[in-house]
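Following this message is one structure expressed as structure tokens.
In order of appearance the chains are A, B, C and D, and numbering begins at 1 in each one.
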Amino acid sequence: MTAVRIQLEDFSQDAELLALRAGSQRMGGIATFIGCARDFSEGREVSEISFDAYGSMALVEMNNLRSEAIIKFGLLDARLVHRIGIIGAGEQIVFIAAGAEHRAAAFDACRWLIDELKQRVPIWKKEITPSGDSWVTQHP
Amino acid sequence: MTAVRIQLEDFSQDAELLALRAGSQRMGGIATFIGCARDFSEGREVSEISFDAYGSMALVEMNNLRSEAIIKFGLLDARLVHRIGIIGAGEQIVFIAAGAEHRAAAFDACRWLIDELKQRVPIWKKEITPSGDSWVTQHP
Amino acid sequence: MIQILFFGPVAELTGVRELAADFHSGMRLQDVVANLQNRYADAFRGVSFISVNNRQVRDQLIVLNDGDEIAFMAKFSGG
Amino acid sequence: MIQILFFGPVAELTGVRELAADFHSGMRLQDVVANLQNRYADAFRGVSFISVNNRQVRDQLIVLNDGDEIAFMAKFSGG
């Protein structure tokens, strides 16, 4: 299971964290972020979200983000997983984990990774609602 | 499985996050923190860590922290789990999860919760090293 | 051949996800852009980023190579 | 009876985790503290917090009730 993936299937945090922790017993703090599909957005009910990605470029960008974060924050390791396809309300979309010796670096890196992912990774989401579908424009 | 626990056994993030997400499909962002036992601290190898807790007071404080965080950061839910007993190098010690509509509140709350837990919850750690044991004094 | 890719909101407006364009020596990115902008005016109003071979490119004067993969992309909204 | 608890580094120095003290009407926290500080001088140098019934207390003049649980605690180091 590679550290950076784009996949249709759901992910397991237990499996991801086991893989993250396997690399080093010097890891004192792990910060993770899980993005989920909300059932309500911009005043409308959302039944599911459809994700499209430019897979090859998204993987390049996600791998770059991981490498940059490891250097910038002095991480011991980091993982990024993004799902594509149709994701129902309440389901998991994205997983980020950053492991460091101490918690400050882990938190800073995790937040930076999800912020940058939203800016730099070519993935697009369409909200499917009872009153029609619409592509989402990111509000940073 | 209650949202705030002190226990000997290891915990599963998958189980904790399933419980966290069960409460609301409006949860767009979940930030978690996992603290692990490092194999090295203050220049010494650490083989395991022994935790002692004032269980009843620790539970009161952890429940207070959860309630305060939910109000202070507008969370949809939060969970705190702390292990006690003997924990080997590389193993998990503490789990914090904060779920909110948007990620900023989730990150802020998760970080606040682990910072406050270290200040307010009556738990003590002793590092067991090849050259002897020593109680840890917190460096905030 | 130059491979042209559309995704998400852009693909929805072009109605296609992939196109091929004939390559000719000295061909520049701006040549491909001008041609497609003409054909897919609506879709191109939503294009914010262009990549060549998985790398974002701002300078449309760059010279293309045979086999290049060009993507026209709306603002990202993953995560 | 007043129940007295020690944990972690404090318990290691007192050599006990629990003690019971006779309760008498009008008894104040400072009475318990003075008595124990005398008996366990070493351990008490490491005491940073005192709780009565799971709640931190700073005012040692508070009057105790029969059945109160008092804990003497070093600085916390959980997490």
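What we mean here is this: a residue touches a chain if its C-beta (ideal position, glycine included) is under 8 Å from a C-beta of that chain, and two chains touch if they have at least 3 such contacts.
What you are looking at is a predicted structure, and each value in this text was computed from that prediction instead of being measured.
Common neighbours of chain B and chain C under the contact rule above are A. Annotation: 73 Å between the Cα-based centres of chain C and chain D. As a whole-number value, the distance joining the C-alpha centres of chain A and chain D reads 48 Å. With centres taken as mean Cα positions, chain B sits 22 Å from chain A. Work out the mean CA point of chain B and of chain D, and you get 26 Å between them. In chain C, no residue touches two or more other chains.
Contact of a single residue of chain A with at least two other chains is seen at positions 35, 114. In this structure, the chains touch in the following pairs: A-B, A-C, B-D. Per the touch definition, chain B reaches chain D in the complex via residues 35, 51-54, 56-58, 60, 82, 93-94, 114, 117-126, 135-138. Across the complex, chain A meets chain B through its residues 12-14, 17, 21, 25-40, 89-90, 101, 103, 106-107, 110-111, 114. Taken in their complex, chain C has these residues touching chain A: 5, 7-9, 11-12, 49, 51, 54-55, 71, 73-79.
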